[in-house]
Every structure is written in C-alpha cells, then in structure tokens.
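Sending over a structure as structure tokens; questions will come in a sec.
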Amino acid sequence: MLINALIHTLVVLLLSPLLIGIIIRVKSRFAGRRGAPLVQPWRDIWRLLRKDLVISHTTSWVFFVGPVLGVVVPVLAFLFVPLGAFPAAISFEGDFILWLYLFALARFATAAAALDTGSSFEGMGAAREVTYASLAEPVLFFCLLVIARLSGSLSFNGMFGADIAAMWPTAGVSLLLVALCWMLVLLLENARIPFDDPTTHLELTMIHEVMVLDHSGPLLGLVHWGAAMKLMVSGALLVRVILPFSTGHPGFDIALFALGMILLAALIGVVESVMARFKLPRIPQIMVGAILFAFFAWILVLR
Amino acid sequence: MNLVNNVLILVVFINFFMLSSSRLVPCIRAVSLQGALLALLPLLTHGFTAHTVVLSCGALALKGIIIPRLLLRTIEQVGIRRELEPIIGYVPTTALGALLTSASFLFANQLPLLPEHVDSLFIPVSLSTLSSGLLLLMTRKKAITQVLGYLVLENGIYIFGILLLEAMPTLVEAGVLLDLLVGIFVMGIVMHQIHRTYSDLGTEQLSALKE
Amino acid sequence: MYWILSALLAFAVSGILGFTPGLRQRLGTALHLLCHVAAAAFGLYGLYRFAFSPLPDLILFNLPLPLGELTFRLDAISAIFLAPVFLVAPLGALYGLGYNQQHTTLHRPRKFRFWYGLMCAGTVGVLTADNAILFLLLWEIMAVSGYFVVAAEDHTPEAKSAGFVYFTATRIGTLALIAAFALLYPLLDLFRFPAAGALPAHPPLVFFLFLLGFGLKAGFMPLHVWLPGAHSAAPSHGSAFLSGIIIKLGIYGIVRVTSFCAAPPLYWGWTLLGLGAISGILGVAFALAQHDIKRLLAYHSVENIGIIAMGLGLALLGRSTDNPALIALGLGGALLHVVNHGLFKSLLFFSAGAVIRTTGTRDIDAFGGLLKRLPWTAALFLVGAVAISALPPFNGFVSEWLIFIGALQTLQSSLSDTAAALMVLPVLGLIGGLALACFVKIFGITFLGTPRTPAAQDATEATWGMRAAMLPLALACLVIGVLPTLTLPTLQMAAHHWTGIISTYPTPLPTAIAGLGWVSRIALVLIAATLLLTLGLRFKARRAPKTDTWGCGYNQPTARMQYTASSFADGLIGWFRFSLQTKKSGAQLSELFPKPGQFYSHTPDGVLERLVLPLFQHIENTFVWLRRRVQNGIISFYLLSVTLTLVALLIYIF
C-alpha cells in the first residue's frame, strides 16, 4: 500500500504540469503558433518557488493557508483515485464523499485567502467561485450515484474498478450523460473556457485567476502547481469512465492511464480553442442543465 | 288539591296580566296579589303546622305588603306611571309568555315525578312563572318593571320550594326570603341613584358603561 | 443517574444564587458560575459512569403526583443529547462573566442568570423524564425560561416582539403536545413512557400533532418563524444555548415518541426527509440573504435541523423496511450532528458575541479586518465556520458522512421502495455548497480585509473569560473530527435503545468503523501537512517586504471598496428570489460619473411576513368583530344568553 501511495504521489506531483503544457501547446497550434515547450510549466513553477515573496499588509496567516491547501488537498485526494485499472492507494466505503469535501475545504481556503487581501477584485472572484461551485456539487453526486448503482460499490476502487467496461453495453446512455456532465464540471472547477479564461486578467472574465492576484513567489508557484494537480485529479476519473480498458500488468495500466490523461488534456485544449467564454449569467443556467442531465441519468439507472 | 290547582291557575293569569300591562301601579298591585296567593299555598298543601303558619305569615308580609308598598313609594317619588314600549312589543311578549307556559306544561309531563305530585300543577306553574319573570327582566326598559320581573322570578322559585316544604328547613326558607328583601333593597337604592343621575329610569343608557 | 439529577438541581440552584439580591454583582456571578461548573461536573461524571453500562438507567420517585409518578430514565439517546448540555451551559456562564461591558451590558443580569439556570435545569429534566406529565411539566419550565432568556433585554422593541413570537410559538407547540399525549393516553400505562417498540404505530393525527409540537421547538422550515428574531434578540450566550441545545429538544421529542412504535409507517420517514430537505435548502438560502450576524446564524440552525431531520427520516425508513444498517447510520448521523451542532453553533455564537460586544453592532457590513485585532476570536470563529460547513478535519464532516453512508444503504433497492432516499446526497451536497459560500462570506467580510467603520478599527479582543469559554468547544470539534471512531459505540448503543434491542456488547458498524478510521488518519495528515507548509512559508516570508494590496493595479484602495455581504451573496440570492423576496432599494447608477447614492437590501422572514402575521391579523379581526357583537352592553342581551344556556342545558339533560 505504501508503494502504491508513493506512486500516486509521484505521478500527481511530477506529471500534472505536463497536462498544462499540453493544453497550452494545443491552443498555440490552433492559433498558428509553435507554442511554448512542454516543460515550460515545470520551469515556471520551479522559478516561482525560488523567488522572494511580497506580502500585502492587509493580509494575515489566512493568506498562506489558501495555496497550501491548494497543494495538500489534491495530493491527498489523488490517493483515492485509481490510475486507470491500477488501484487507488486508499480505499474505503464512502471515500468519494471525503474526496468531494476535501476539495470543498480547498475552495474555502482559497476564497478566504482571496477575501484576505481586502480588494474588491478578489472579493468578486471569491463570490463567483463559491456561487458556481455550489451548483457543481449536486452534479457530481448524481454522477457518482449512477456509477455506484451500476457497480454496486461505494468506493472509488470498486466503482471504477474492473467492471466499468461491462457497464457500457448495458447503461451506455447513462454513462455518456455522466461523462458529459463530468466534463462540464471539470471545465468549471479548473477554470477553463467556456466558464473562465485562465489567460486573461480582465475583471469581466475572471473567476479563479482573480482570486490569486496578490499571491507572489512561492505562493504563486504553489497555486499553479495546485491547479495542475487539481486538473489531474478531476480528469483521472473521467478518463477511467471513457477508457475503461484494463490490461493485466500494472505498468501498462499506468501507461494507458497516462495516455488517457494526455488525450484529455488535448481535448481540453481543443475545447478552449474552438469555443468562446460564456457570459457569466449563463453559467448557472448551464450548470442547472447539467444537474438535470445527471438526474436523468440517475433515473435511467434506477429502473 | 283542586283548590290548590285553582290558586295556581290564578297565579298564571296574573303572570299574563303583568306581561301585557303597561301601567305600573296595577302591575305592582298584581305582584302583591300574587304574593298573597302564594302565601296561602303552604297552608293549603301541608295543613296548619307551626312551620307553615310562620312561612305563610312571612310570605304575606313581605311579598304581599312590604315590598309592594316600597315599590309604590318609589314610583311616587320618581313620578312615572307608565312603562315605555318594551323591546319586543306587548303583543309579542304576551304571545311568547303563552308559548313558554305551554312549553313548561309539556316539559313537566316529561319529568320523572313522584306519584303524589303527578296531578298537581306546581311544577308547570313554577316553570311558567320563572319564564314570565325572565321575560319581564329581559324585555322591559324601565328599571321598576325589571324589579317586578325579578319578584315574579322569585315567586316562581318559591312555588317550586313549596313542594319540598318538609324537606327544606326553616332556616333556608328564611334565608330565601331575606335574600329577596335585600335584593329589593339594593335595587331600590340603585334605582334612586339612576334617577338622580339621569333623571330617567331607562336602562338603555347603561350600555354606555360597557367599556 | 443520581449524578444527572444532582446536576439538574445544581443548575436550578445556580439560577437562584445568581439572582439573589443584595449580593454584590461579582459574587453573584461567581457563585452562579461555580454552580454551573459543579452541575457540569456531576453531569459529565454521570454520563461517564453510564457509558460503561449497556442498559438504560431508571429511577423511580413515588411522589403523589396526580395522574402519574416521577420517573427518570437515562438511556443512550438521552446521554447523547445531554453531553452538549453539560458542556455548553457552564461555558455560557463563564462567557457571561466577561459579557457585561462596553456595548452589551445586560439590562438585568441577575434576572437573566436566574432564568438561564432554570432553563438549563429544565433541559436536563426534559431529556431524562420518563413520564408524560413530568415531561410536559419540565418542557413548560424550559420553554418559559427560554422566553425570559430571549426577552432579557426587553427595553428594546425588537426584543419584545421577538419574545412575543417565541412565546406564541411555544404555547402552540405545548398545546399540540398536550393534545397528542392526551390522545395517546389509552395506550400508556399511567402516562409512563413505554419501552421502545412497545406500541403499534401512532395514528396520523397523533403523529402530526407531535410533529407540530416538537417541530415548532426544533424549527423546521414553515415552523421556524420564531428562530431568527429570538436568536438575534437574546444575549449571545443565551442564543448559544437556545440554538445549540433548546432546539434539539424538539428533535429529542420526535426521536423519543417514534421509538415507542415497533413498525412506523413509511410516510413518517418520507415526511421527515421532505421537511429536512426543505428546511435545509431554504434555511441556508435565507441565511445567505442576511447581514445581521446573529439572524444569519439562526437560519443556519434551521438548515442544520434540516440535516438532522434527514438523518432521522432515514432511520425511520430503515425501521419501516427493517434495515438495521440504515437505522444505525441514519440515527447515528443525526444524533452525532445534534452534538456537533451544539458544539460548533455555540462556538460561533460566542465568537459572534465577542465581535458584537466590541463593535456595538450586529451588521456584518460594519466589520472588517477584525482578525488583526481579535486574533483568538477569529481563529475560533474559523474553527466553527469550517466545522459547520462540514469540511474535514472537523466534526461536521463526520456526522454528515454518516448520513451520506446511511442514505447509500438504499443504493440497491428499487425506486418504489426506498431508493428515492438517495436524493439525500445531492440535496446535502447543495446545502453543503451553499453553507460553505455563506461562511466564506461571513468569515471573510467580518475578519479579513480592512475595517469598514471606526468601530471595527477600534475593536478589542474578547476577555479571557470569553476566550476560555470558546476554547473547549473548538477543541471538542477538533477531537471529534480527528478521532471519530470514539463516538461509534455510543451511537450504536443509541440505535439499540431506539429500536428496543438491547445487547450486552454493542457491535459497531463495520462500514462506519473502517471509513471513519481512514477519515481520522487523513484528517491528521491534512492538519500536519498544512501546519508544516504554512509555518514554513511564514518563516520564509518573515523578512518579505510589505506593500499595499496590488489587486491588478488598483491604486489607492479604500476599505469601502471591498466586497460587502450583500454583494457577495447576490448571485446566490438571485436563484432563490421567489422564496426570499428580498427588498432592495437604492440608487441606480446611470451616468458616467455617478453621484453619491445609497443601497439598501433587506430580507424579511418570508413565512413570518407573508403567512403567519397576516393569518393572525385575520384571526384578530374576526375576534374583535365577534366581541363587538357579543359584548354590546345591553343587559337584556346578557339575560337572554343566560336563559338560552339554561334552556339548552335542560334540553341536553333530557
């Protein structure tokens, strides 16, 4: 179990910035540029971690807890998540609830850190963040309920274990809806277009970016790293649903998982390139639509 | 028994007279006559014992003489001789009185009486006198007539009490009569005060004291 | 059991001692506190002794009470409800030591202490009474003392009206309870509470009367109208006890009366689930719209009562469908949430009281930047806020986790059966997300940023007494969050006592044990990692230059430019427009260089303003009309009514 945990930790810490690099590369290619090298996010994080800090005198210790939890939580959460067919390090009945609430804790800390600066920009970002995220929770619950019902298990290992390939023929429609809703939540929680634009710093377009305006140096490095890790954690389950194959060998399973993650990152890059950001009032409407889709998927499974 | 029943029927006639009359002095005279008749009843029903003689004399004195005298003196002082139109009119009042009397006769038939009381008219007449007294109290506007109604009410109770004469100790009867006296006393004082304040013995102004 | 009863007496005595005139203020307060501590010691020791015996403990006092005898029973359910009482009550008394200063002098502290002590005594009595008459008597004592606690500062019109609404609600509730117990009388033996599972199911009328009576005390959504006013008007330690303990007595009542029945019908569970969901969602929606900190916390109590009701509904469903795991998890989650809510809500009220005391106002928008001036209060408030948002590593998460797992026990059943109970998960998720938003708002706007008013700039830290009162509660939240498996044996025993199956050794739930073990490990790792990294970064930042907030290049930020409470919650409130009916008034900015303007928003309590008050106004008008017709002052009319009554009686007899 300890080796498993070590593998999980290393994967999430080391491989997650790669996803960001892939997304940026895909977007650049769409825009006709060559794009930054794939290792650029690592370089950025490393550079930031070695820099000095500048602190606003409005802030307090709460300002530090935001980025710290932003890193600690995804690492812990990743231990629950199976890497494709490679089982998770920690597994118990009801672990997905702890998983969801760990991310809620990270959100609390980030929003509090944003309000700590006393700037209206960050306050606005915090307000938007907690507003839209509260709609994402029911979607995730419905999706997980669908999979729990189909697999008969209450832990990630069981839900996304070997049986998932067998679920597609019988409950394909539900699983498709689940995958779609999951994708929407992933895009929302990780601040991707069409919900949020991670590259601009205009007031109109920001949710997550605006919350971290005042972080600098190591704090900013942790923020970026945490965002990458969060993307990996959220994406891992989606990848497993879409690519439910499993070979016998753990090494191949991990490799397959890695391939799936890369494809997912590419997909995100494509989505970001072909779509524009939605108007902010549209976001709740879309999320309510997602709730209804997920609810419908659940009803289908209940019969 | 026949004599007693006749006396009781006379009492009922007096009730009807009081219900329909608008002149005060005859009403008071009628109440006094009713009182005298009632004073006879214990002697007629239970014979001449010390108990009944005392009761008769007391009733005659109070109901027949003293209280009507007091009332006559009051109306002399106040100077009214006629009643105003009652709340529901003379004819309806009398009709209602007749209705209530027949109802009490009918009702008395339903009651489980002792065999010796089944033929007598005590219960129906008592009930009808009660209801006539209540009617007078409720429907008349002058305080004097309401006092008369109260007297008639007490008469009705008294008739009922005669049935239980052996069972009722003297002290209770004396108490009843005393209570009657005190009641009249108080009413006299109240009437005097009302007249002094309002120069009028009408009771409809009393509703202004409601709050 | 005798220890518990002596605790009851000690509470009552504390009230009397705190009231004794002629004693100097400080002496009276000190004696009051001493009695409370003694009572708590007795009570906790009694509970500790109880924890090692599996059977309920019964005491019978044969006093010649009419219609019944004095019996007290202590079983696991009562014990769980009693635990927070013995913690919160003395801490409230300790808190009260430092309360009477600056802006929040209690108008009549002696009177308050008397009623506070009596209220605590009544609470202990209600939780251990085993006889319907005794229960109702002590319930009344508790309720009436609660009124005096609420209206302690009744020189303000606000406290008067809040007290009046509370009083009306509690009267109606007690009447419903009396009616329900009276209807139940033929089945009870001399009004003694039957053993668990001894009776057939209550008829619907009795069940709904109990639900009305206990629901009015607990504060389910349509019946919660007294909560916001009462909690904001009462002094802070009074509000803490009201919110943390008193409203749970309604839940205790429902738990107790449903335990009598061996086979409750399905609609009981569904009703509680529905009520719980509505209370939870609308409670947190109303909370989001408030900017008075105590009203806001009161609405959060409504929300948490909703969560507890959902757990209880699950337990009832389990009893109806004979699913022991569902019973144990649902009831366990609900009862643990009762304890947890008692702890963190009291903590929140205490810290809010500390803030109010120093700034003199309850309006969140007047605070700001208080973390720098009240560091301890802020940290303790943060603990409470994280706990109430059900976030690991604190206790709120544990109880909600138990309810989640309970709902998941119905995973494999069909829709017609109990699978609809799975809706608990998304509903709880939504409630959790909204609660998180609300507490980020409160914590951020109150303690973070820069002070918005001079009062906030000059704020001072709470006294040592107030801080000493808050610290044990925060520690308890942490302990339950980090070591949740400690609570499992008691919860399992409570489930046994509720269903009437007594076993000599309580078997813990296998699922919950494994899961909570992991939860505690994760919580420890989380705390350790966060502390390490945060301290490391703070160390690195000790010589960092300090500047103004950059905020994307905003020059000269002022305190008034910060986000306000209304703006923070605006998006969320917009979704619930229909229920909230927020009234907004203010300047519409229309020009390039806007003129100064004012914005004002207010959310009244919907049920109170739109339903209850108009209804009572109609009733009042009807009665005024009736009285005018009947009491018209005409003597003849009165005589007529007397005669008619006599005639009617005569006819009735014959």
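Chains here go by letter, A, B and C, matching the order in which they are written, and residues are numbered from 1 within each.
As a convention for this text, a residue touches a chain if its C-beta (ideal position, glycine included) is under 8 Å from a C-beta of that chain, and two chains touch if they have at least 3 such contacts.
As the structure is a computational prediction, the values presented were derived from the model and not from experiment.
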Third chains touching both subunit C and subunit A: none
Chain separated most widely from subunit C, comparing mean CA positions: B
Centroid distance [mean C-alpha coordinates] between subunit C and subunit A, Å: 36
Subunit B-subunit C separation of Cα centroids, rounded to whole Å: 68
Interchain centroid distance [CA atoms averaged], subunit A/subunit B, Å: 100
Subunit C residues touching subunit A - in the complex, by the definition given at the top: 368-369, 371-372, 382, 386, 389-392, 397, 401, 404-405, 408, 411-412, 414-415, 419, 422, 425-427, 429-430, 432-434, 436-437, 439-441, 443-445, 448-450, 511, 514-515, 517-519, 522, 525-526, 529-530, 533-534, 537-538, 540-541, 544-552, 554, 557, 559, 561-563, 567-572, 575
Subunit C residues touching subunit B - in the complex, by the definition given at the top: 631-636, 639-640, 643, 650, 654
Subunit C-touching residues of subunit B, taken from the complex the two chains share: 87, 107, 110-111, 134, 137-139, 203-204, 206-210
Subunit A residues within the subunit C interface of the complex: 52-62, 64-65, 68-69, 71-73, 76, 90, 92-95, 97-98, 100-102, 104-105, 107-108, 111-112, 114-124, 126-128, 130-131, 133-138, 140-142, 145, 148-149, 152, 154, 201, 203, 210, 213-214, 218-219, 284, 291, 295, 298, 302-303
